[in-house]
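The letters A, B and C name the chains in turn, as written, and every chain counts its residues from 1.
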């Protein structure tokens, strides 16, 4: 059985339909990439899965339960975490406070402050800094650490590489590989196709709110992806 | 654009309503010849409240300036009239528009201060300004200080010699001012400024991004509303023949009641305040013997509408029957007129 | 009255105003709403205290044991049942619903208790004072009020910066959607914030009832003082609220020393001056 599955998931912004009948599944321990052009509906999909956009119950199944109608805070307590696009650290909180608030839902598990600091040592160095004084890459590490602090069973990562220098992106993805190696289930949304496919086991390509292609990440067909990505 | 399109705003319902409204106005205008004084007094009061409700709605419902301090301009207009008549011998009826001008002039420095506050803070800020006006005037012994002052019989007689004639003139003035305000609001909303105002009502951010100068539009609205509110205030206290700081700057009388009318009737439409006005007066009549209960009931009803039916009664009617009695929307129609 | 005396009396008066303002500051800081009924809730708390004194025959200060939990519960229910429904991009619903509440509370109190002015009697405590060097006498009760205000602010400071709940409040204030991604239930958190705000309001109400006359109509003025204090102090800054309240208190004392009629007016004028010269308040929140 899949850890998380969506069935004919739809999402709307007012009258505008952003997603059309998305069928998606991910098994425990898998890393799945979602790629697609700007506006293809990748972020909307993550927001629907985690309940920021609320749909109907049967649209999302998590660990056998129909959870599509639940709000985000309830899903976090069940073990879904999200690293939102643009990091979204809390400006009023220090680095360590940002990490601690990740544990607000009081889920127990392997991840705690010490372990996050071991993964990203720079965060420990800067633990008492206001979060907005971190560099972009450090902020991204803090956002990942914050999500880990909730000890999720699945982590949704939205545009981790956005606005970061290639070398920093490399560091972030190294961290992600460590997290995945410890058995975390990951959904990675990326615009950088190669980066995403290198990290993933499987991929879905979104185009204008629909899945245009899906398959294993290894040995993918460049031409097919280009077609699915741009719709040409 | 296709030259065969014509722009029109009227609908069948609005044209029928225009005829009906015309008949109603004529009937009301002739009331002094066939009605009694009590109904004249009631209609006059309703007319002034209609004007206040339309003005507050223009501010809060369209320009997004939720003021809880419009009593400042009612009081300032009233006092301006008493000063002009008492000190400078200006004819009371001429003093009404002049009081509006004074009120508009004073609204500029007030706007300079309160426009620094946003949203809900603006609301409380306008309230503080109204309090300041009341306290300052209560300190001025030349204006009668805390106990206020009355118009002398000599001044009152310049309006008309007999009380019956004065009642008639005041009645027509009230009716007239309500119609003028209604016309002013309607004309403003149909103008280019109206389009900007409607855009601000729907989304201030979006309207700014398409080039609406929201600050200028808001300031203009604020000053125009201050002008008209001052005029209405002047007329109200000319009829009462007496003014005091507590009466002139009463939050309950000139703002609370008005807000309830607009919210219940439907904020952000011209029809809403009219509907709310009627409901307010019916409720007040029904609960007249129960002291302050009518305010409690009105408060509950207003809270209910804000929570459950944000567009008020008129919003519900308009949606159900697609009714627009004061058409503001431009309808495009194929073919010549 | 000498300047030193004016400053001392004004500062102590500021303690009472800080108690008025803290609840308003909390609800604005966390929910971004200005509760127009805030002043009337202070007066409601004063009346609840009065009923306690009459029914239980206890000392007015002892009523805190009852009034604080009652207002805490009322705050939770009010936010959860009513005000949470008004939150959103549109500023009108929270503003007008709390405005409606203000009118409802005032008039219900009027129907229940009439328009008479009242005061809770604490006997000697009310009149006792300490003589400072220089012949300035300072009332014991105003001094107590100020101390309580500082204590309340200190407790809130601890809550906000040393507890999980406080972090959650600050996070939600920054960004409610992202706070949801941390497992924070906004509806519950907002209700708790209003509950805490009204618990402080309860303290304010009891001290108001002992310190001065009150009747059902005095709420709006208390709202205005509270509002002025938080704008003068700078929004979203707890100690700024205290300093703003002190500035307001000193301005009012100075006005009163000139002419009692000027007391309220000088307070308002100080507010306007700050608004014109320093629109973000004297002590704005610094965000690094």
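Just so it is clear, a contact is a pair of C-beta atoms (placed from the backbone, for glycine too) under 8 Å apart; a residue touches a chain by one contact, two chains touch by 3 or more.
Bear in mind the structure is a predicted one, so any value in this text is a computation, not a measurement.
Enquirer: Which pairing of chains accounts for the highest number of C-beta contacts?
Expert: Chain pair with the maximum contact count: B-C.
Enquirer: Taking CA centroids for every chain, report which one is farthest away from chain B.
Expert: Farthest by centroid: A.
Enquirer: Taking every chain's C-alpha mean, which one sits closest to the mean of all protein C-alpha atoms?
Expert: Per-chain C-alpha centroids ranked by distance to the global centroid put C first.
Enquirer: Let me have the rounded angstrom distance from the C-alpha centre of chain A over to the C-alpha centre of chain C, please.
Expert: Measuring from centre to centre gives 43 Å for this pair.
Enquirer: Quick one: report the Å distance separating chain A from chain B, using the average Cα coordinate of each chain.
Expert: 53
Enquirer: Hey, how far is the Cα centre of chain B from the one of chain C, in Å?
Expert: Centre separation, chain B to chain C: 33 Å.
Enquirer: Help me check something: in the complex, which residues belonging to chain C touch chain A?
Expert: 164, 167-168, 170-171, 173-175, 177-186, 287-288
Enquirer: Please give the residue numbers of chain A that touch chain C in the complex, ascending.
Expert: Residue list for chain A touching chain C: 50-52, 71-74, 76-77, 81-82, 84, 88, 90-93, 97, 100-102, 104-105, 130, 132-133, 146, 150.
Enquirer: For a test of understanding, state which residues of chain B touch chain C in their complex under the given definition.
Expert: Touching chain C: residues 60, 64, 66, 68, 112-113, 116-117, 119-121, 123-125, 127-128, 131-132, 135-136, 138-139, 251, 256, 259-260, 263, 267, 291-293, 295-296, 298-300, 302-303, 306-307, 310 of chain B.
Enquirer: For the complex, which residues does chain C have touching chain B?
Expert: 33-34, 36, 82, 85-86, 90-97, 99-101, 103-104, 107-108, 110-111, 220, 223-224, 227-228, 231, 261-262, 264-265, 268-269, 271-272, 275-276, 279
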